[in-house]
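Two complexes are shown next, each including chain A; its partner changes from chain B in the first to chain C in the second.
And then the complex of A and B:
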């Protein structure tokens, strides 16, 4: 099993000392994200997120299957996150590392279990047919902050995605192709986004969005998932150094601010993209959505 | 049939008749298994776990996989018995147990004085015999006891409990929201809750898996830290009576 290259003793000491002097190696403030870049693909449901040197691509695809027997009225939604050796030599296919399990578990809890996507709207005929949505997360480049970047990518891709329209007549469902009917956006109930905090010196110094080197030096991480309405969807702090409860509350407050900023960023990017697609100004007429 | 928590605001009594800040009965034993270096059996209400600690011993695999230079590796294995839940299951939540394993391993590798045992492995194996809420908390508590029984030095007890917020996450009136301590399985399914593991006054483990208003978290944390203190007193009592009997 290949292992991640550990930071050298010198580098470790250097980062720690710099932090004691309130300096981060890349000159950011403690509560600053790296420059965030978000682009959408030509197809619906492809989002490419760049967070500093970290790069993650999420892709949504849809299929029609039978729903699970115990959940007849729900569609199926799954998130598949796999580390590929492309991102870092430490990743190996078919052998999930701890980090990989944690990533997919956090995404699962943050997005699926918090009901960000209304799975009932994916149902076509109860008990017989439903849409099966799949979000594939590809990690292209790894420089820390994978959880934050993947969560942004999945949420942006979900909001960007359009599913084909269906016409149901009795037991017969016809999927209308993109040419026949304008595809419809998914019904998204809220947008959870993750913010990872890294703690140093027993919780004395807390950084947002650590890069890989900072991640390797940190004592522990606190992953907070929130939406812009001020709801905490998930918090995970798996052991590590102990922290004052007040510092944790501070983290949650900070996360709520950051999440609002990122949500706004995603929204503007989505609007830009929509404008680009809406070349002839026909979108409003084509749309099958009802004005509510 | 009082099977949902919506009646709580009326009587201020929970499904099993407890008040908001009451723990369930905690029964614990140490040294339950003679062959192991340390072992414990813990019941928190109807949640039952057995924990066995082996080591510190020479690591099985070469080259100290996953452990840092000069420190012992803490390996954790959690086995969920098929009969532990309401329905019999062959394989229970693969990812969930591996997340719990990761949580226990990171929590204890910073709590234990692992630098005293370089090139060795401390392996904790936990068997979940019965599940009725607060599973992660029970695992953490049982592991703490077993590690104490094994005589591995650590800075303090790591004790854990769960706290819920009794109003549903959608209503925003804070007046009716009450934190509830130590949930059973039914409450856990209905209410937003967090699991907190504390060392003294400080938080080591914090897991929140359901949606909740951010204003609620403060109250939940405060009750949680207080609850952990009470669990600590109980576990400390268990260790001390054992010590008197056999020490």
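And then the complex of A and C:
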């Protein structure tokens, strides 16, 4: 398997010098995301995110299984992010690279452990049956910013997904198909989103949403996960250089603002999609969702 | 309606194609010729690697089986001897399946196979890998009712409606009308198979050969697959050569 092409010494020097002169290669501001695009598939729970040249598809699927014996009242939720040679020939099937491990860990921390999804609502019969939700993250094209893009994709897909309704009679549970009853949305408690900061010159310069070339030149990265209410879900820092506490606070402030923008963007896209699906205006009548 | 194709849309892979047909959507990418692992290196020919990735979940024996079929078929059309000691890496990501796919109750690897074959050929073309010939593939289903007309590249809905099915056949033909691959499932006699094969040849290959008889016309029939492929390639070449014509 060929190794990932590293940036040459000249390119590296060029990027660094440009940053010293406060210029990014693609002319963006230091705190600007690349153009973000989000499309939903025909089915529920498929989100296709394009962040510049990076492209990630998240797909949610559901299954019925027995819950874990130590967590009888919870459903199962699992996020699987596997790289394929499609994104880069350096990714090998069955042999995770560091980036892949970090991506899965961050998604796990950001979405699953922050309790973004109410797993208790996935329980059908305590100790016997529950929904097992699975989020598959497919990296289609890789130009940096995988963590941000994957997090957006998974959160958008979760909000777009509808699970089939169930009827429970004693110990018997019947899953109602789409034809029988309108599927219901998941109960999502909050929407965490990741913002990755890349630090250069010992934290002197901090970039948002670095592309692949910038990622290879950076000294370290700080990943901040927040929701739109301004709550920090996790902060991770990979790389050797030190970051001043004040710079970190600054990052969190910036992240808070970016997350609000992206949340709003996802919301508008979801509404557009809902409008498209709600052709006859019958959705409200069909809905089996309980009012909170 | 013929399949829809987007070519060379991924910027990291050497060649890529997204293929959408009958509710199936497959993204294919090809990297090659690239450096090959020492253990896979062959002194006189290129190594071909095929990865099929399901829409949801990790690869199962079904995907491994499809990979083997694709590998053997594609290796016979790639001019592996002209690029020895290299690797041609083909990745096929299934993006979406029709809703009815899981409830069909038939061998779902067969319904998927022609789409995977067509996608991989398009991706190979997009990556400009040397090929000896092209490849077109089609699915044919024979319902079990008497005198039923064989269904030509049926949608998942058609299959559901035509249940129970007696047999499913996948045929792949090369540009010179040679049968490259045949996978069949179910019970059938030689004559039925021959009919199906003829029908597939008619759709896959261009001109010559026997005409379709009246009764075999299928509603909403797609055009000839080779002609469709020519159109796709023509558009690709036109796009690549536009710098010449523009002034």
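Points worth noting:
Simple rule for what comes next: the second predicted complex is superposed on the first by the 288 of 292 C-alpha atoms of A that agree within 3 Å, B and C clash if a C-alpha of one lies under 4 Å from a C-alpha of the other, contacts with A are read in each partner's own complex, and residues count from 1 in each chain.
Definition applied: a contact is a pair of C-beta atoms (placed from the backbone, for glycine too) under 8 Å apart; a residue touches a chain by one contact, two chains touch by 3 or more.
It should be emphasised that the depicted structure is a prediction, and the values quoted were computed from it without experimental measurement.
Per the definitions stated earlier, placing chain B and chain C onto a shared chain A by superposition produces no clash, and the two fit side by side. Contacts of A:108 after superposition on the shared chain: chain B is touched, whereas chain C is not. Contacts of A:93 after superposition: chain C is touched, whereas chain B is not reached. Look at A:271: by the touch rule set out above, it reaches neither chain B nor chain C. When chain A is checked against chain B and against chain C, the one touching more of its residues turns out to be B.
By the touch criterion defined above, A:236 lies against chain B but remains apart from chain C after alignment on the C-alpha atoms of chain A. Applying the stated contact rule after C-alpha superposition, one finds that A:249 touches chain B and leaves chain C untouched. In the superposed pair of complexes, A:180 makes contact with neither chain B nor chain C. Residue contacts after overlaying the shared chain place A:80 against chain C, while chain B stays out of touching range. Contacts of A:143 after superposition on the shared chain: chain C is touched, whereas chain B is not. Following the chain A superposition, chain B and chain C show a smallest Cα-Cα distance of 14 angstrom.
Overlap of the chain B and chain C contact sets on chain A: residues 1. Across the complex, chain A meets chain C through its residues 1-2, 41-43, 46, 53, 55, 57, 59, 61, 80, 82, 84-89, 93, 134, 136, 138, 140-143. Interface residues of chain C facing chain A in the complex, by the touch rule stated above, are 10-13, 16, 27, 29, 31, 34-35, 37, 51, 53, 55-58, 89, 91, 93, 95-96, 99.
Listing the residues of chain B that touch chain A in their complex gives 65, 95-96, 98-99, 102-111, 169, 194, 197-215, 217-218, 221-222, 225.
Across the complex, chain B is touched by residues 1, 98, 101-102, 104-105, 108-109, 113-115, 203, 219-220, 222, 226, 230-245, 248-249, 252-253, 256 of chain A.
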